[in-house]
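Chain lettering (A, B, C and D) follows the sequence in which the chains are written, and residue indices restart at 1 in each chain.
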Amino acid sequence: VPSTQLTLVQIDNYGPWTVTPEPRREPDLQALQARLYGDLAQGVGAHDGYAFYDRFDNMVAVTNGIDREDHRRLQTSLNNRYPVSVSLGVASAETPVAALSTAGQRLRAAGGAQDADRRAVLRGDPDPTADAVTMAHFDVVDVTGKYTDELNPFDTSLAVESGYLELARRMRRENDSLAFFVGGDNVVAVCPALADDVVERTIGRVQDAAGVEFQVGIGRGATAVEAGMAAKHALEDCRHNGTRVERVAAACD
Amino acid sequence: VPSTQLTLVQIDNYGPWTVTPEPRREPDLQALQARLYGDLAQGVGAHDGYAFYDRFDNMVAVTNGIDREDHRRLQTSLNNRYPVSVSLGVASAETPVAALSTAGQRLRAAGGAQDADRRAVLRGDPDPTADAVTMAHFDVVDVTGKYTDELNPFDTSLAVESGYLELARRMRRENDSLAFFVGGDNVVAVCPALADDVVERTIGRVQDAAGVEFQVGIGRGATAVEAGMAAKHALEDCRHNGTRVERVAAACD
Amino acid sequence: VPSTQLTLVQIDNYGPWTVTPEPRREPDLQALQARLYGDLAQGVGAHDGYAFYDRFDNMVAVTNGIDREDHRRLQTSLNNRYPVSVSLGVASAETPVAALSTAGQRLRAAGGAQDADRRAVLRGDPDPTADAVTMAHFDVVDVTGKYTDELNPFDTSLAVESGYLELARRMRRENDSLAFFVGGDNVVAVCPALADDVVERTIGRVQDAAGVEFQVGIGRGATAVEAGMAAKHALEDCRHNGTRVERVAAACD
Amino acid sequence: VPSTQLTLVQIDNYGPWTVTPEPRREPDLQALQARLYGDLAQGVGAHDGYAFYDRFDNMVAVTNGIDREDHRRLQTSLNNRYPVSVSLGVASAETPVAALSTAGQRLRAAGGAQDADRRAVLRGDPDPTADAVTMAHFDVVDVTGKYTDELNPFDTSLAVESGYLELARRMRRENDSLAFFVGGDNVVAVCPALADDVVERTIGRVQDAAGVEFQVGIGRGATAVEAGMAAKHALEDCRHNGTRVERVAAACD
């Protein structure tokens, strides 16, 4: 019973390209990476998917409902407009961790990320039966009040980052979920079907270990945007109700 | 003796905007943030500065040699082209940590990041005497060989992230430096003048604590790009020589 | 029997915005307009549509096969990421001229382009029966050989522009078609079903009147991209065969 | 006595690239061209220059005050981030027509636009003595009132285009100026020093020949933005005063 469909998006042979024939200007690389990710976010968003920048040369998209032709068109569009090309690995599974693992294996079977012979491949078949995905949208409780006493904005960033890393580790290990930092004090996780008390327990452990308290909205839907928007509305409920976990039922539940 | 000039770039009142009148589609927010950062990187890059996305709603730029009129023009350009505005705080100091602290205080004096009355302010005066900056460009030793055995690409990301966080904490605490993840397995730090053995000691401690081994190139120059390019060439030397710390002397040394 | 579906995309109240509170920097406006158009091209391209920049504050897209939800999502995406909003008018008809006329009327019924009260409207219903579109892709015969003797690149531009304007006028009047300049020496027209000899006659008249000789590939398909790609392949045939009009049959013919 | 400095920006070997190995998707090419132009506008705008898209594969920038290092940095930035490269030709002269002619000759001496061997060249030396430029910003008098009776938005575009072409031809022939369409009903011309009555006479002839009545603001300054902003303010004066030609004196006059 596959539910989550993920697409691993890797820039082909990117590391070597950045230093050939000599190291390229960092501001150009930063702008290139940000733009490419922004286009990926828009491109999968046009079909109600989510994309995460992850390590920029290795990005992850939630692509439930996005078929092979859509994947190919998006890949062609990126490859037509950038000096580097991307390869895609697609897989679906009951858990996001399993889906990404398979997507990675499929892509690796066509060659490693730094294999000069692998270029613009698309491996794995989108699965129309992967028709339900769970998204969890977290943020830090009272981030302004708790962290603005810090003199240095960088220390706020380190605190948020610590909280994120602890949350990402635990969501992965305890809940087979993939959690990504999405800016500000926000973290979005793509999850298998999850009970509220399980997520609440993870949040508590993160607070104990890293001292950062998260609240979370959970949504489920046929696509990442449907699930993700439900999650965002549920998170608004946390803010208004002072609760730590809320869930918004979507039409498909 | 100020040496590093930093500019703190904050999106004004961003959190509330993202949920007004109701939560906005996440793919649009992701594309917006990535584009805005990409434009900032290009904009300061046009004057040989570096920009880091940090938390996206709070970005940090190394702006040695960039004057007040350049700052204003860049700010106007962003504010003319996005649905949100940015405010800038500028400061220079002997250490990056001190510069960012002052920049943050200056901006806060004009209003908090979520203060609806603060819009498009520019505080702090660029300092033409801030004419030398040190940049350190790190990457993970043999990241492909050590982490490709992992079945899951996400675990590689968690490992890199762990290494980054440990490095960032130590560079900040031990060396008054600000270290930012810049994609792949790369980390760039803006530093005060630093001895090689100090950096090597920090690298060793990061390896002990997080199990991730970094190598680093260090460069110094009149601008971020001059210093950063020297650092990138020095990092190439590490790769070729099998060393952990290299330094390239720039013209201004 | 509707065949072409067009969407008129207007920036709401753009003229006044560009001079409020005082005239904005032209380079920012130019970048804004170019980016917004680029995003529109990508956004409709994600669903196999074409977009033309026309006057930038008034753009035209060929949207066969793109439904109401796709339109709304694209509109929301643009409006979430730009400081200005766009309104859309959609219509289908047997000829592109008639479709655009109806799309314009629908939009105007909701308010003029400079009506401060009209914001982000979407008028007209996409029509799933509009399932065939004809695209014609023109370029200038031997543009390099004929125009490189000109000392000044601007004179080449004026010559191409003269040819384009004569072609656009005649395609509109003689063939109920909308022709747009798309860069270089290329013109793309969206057309009703057209016989080859009709197009050849128009090309001849353009050459007589403006002294610019065009060749053209014609394609027909279920979507703009399907028809447009067929047209581009047909134009390649002109180049190879030395002919003035070629046509590539698409699957749907 | 050079006054205007222009830079001709050509995409190297673009035509062949667009059809290799087979014709590329038009929406991707449109987005690519628009983005590249947007980046050029921002890049020269960062140094107070103006850029015009012209034919997109051949763009023109007014670059008074922009030195060789700035040119090289901008060129590198574009070439690092796009799948195509650009070459630059720079020249200054008393008139824009002469400057562009020389810039074109310099570039052509390094190879034609479709010469596969010419890649990323920069020819011609920026001239620090080119320290004054005149910009004229035109728009159509009462465009809304006169053209909204047209049923079809395309006919408005054809009317504006006709007016633009007649204006561009006359400005070039009668006034040694280069006029570019910049969206809406706006035209911007880069000019030598010009008397008001000369411009007024040209406007009258355009109205006689094409039936389109323009008004114009004229500005002069050390850079394109300084002159162009003065011109935009002067055009506001036309709108408020009901006059056809206004001029705003800039500091350098």
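Side notes on the structure shown:
Everything that follows uses one rule, which is that contacts are C-beta pairs under 8 Å (C-beta built on N, C-alpha and C of every residue); 3 or more make two chains touch, one makes a residue touch a chain.
Treat the numbers as computed from the prediction; the structure is a model and nothing was measured.
Chain pairs B-C and A-C differ in how many C-beta pairs are in contact, and the one with more is B-C.
Looking across C-D, A-D or B-D, the pair that copies the A-B interface, with over half of its contact pairs the same by residue number, is C-D. Work out the mean CA point of subunit B and of subunit C, and you get 42 Å between them.
Mean C-alpha positions place subunit A and subunit C at a centre distance of 36 Å.
For subunit B, residues touching at least two other chains, in rising order: 25, 27-29, 31-32, 35, 39, 42, 45, 77.
Across the interface of their complex, subunit D is touched by residues 39, 42-43, 45-48, 70, 73-74, 77 of subunit B. The touching residues of subunit C, when paired with subunit D in their complex, are 8, 14-15, 19, 22-23, 25-35, 37-39, 41-42, 44-45, 49-51, 53-58, 60, 97, 100-101, 103-105, 108, 112-114, 144, 148, 151-158, 160-162, 165, 168-169, 172, 178, 182-185, 188, 225, 228-229, 232-233, 235-236.
Residues of subunit C that touch subunit B in their complex: 24-25, 27-29, 31-32, 35, 73, 76-77, 80-83.
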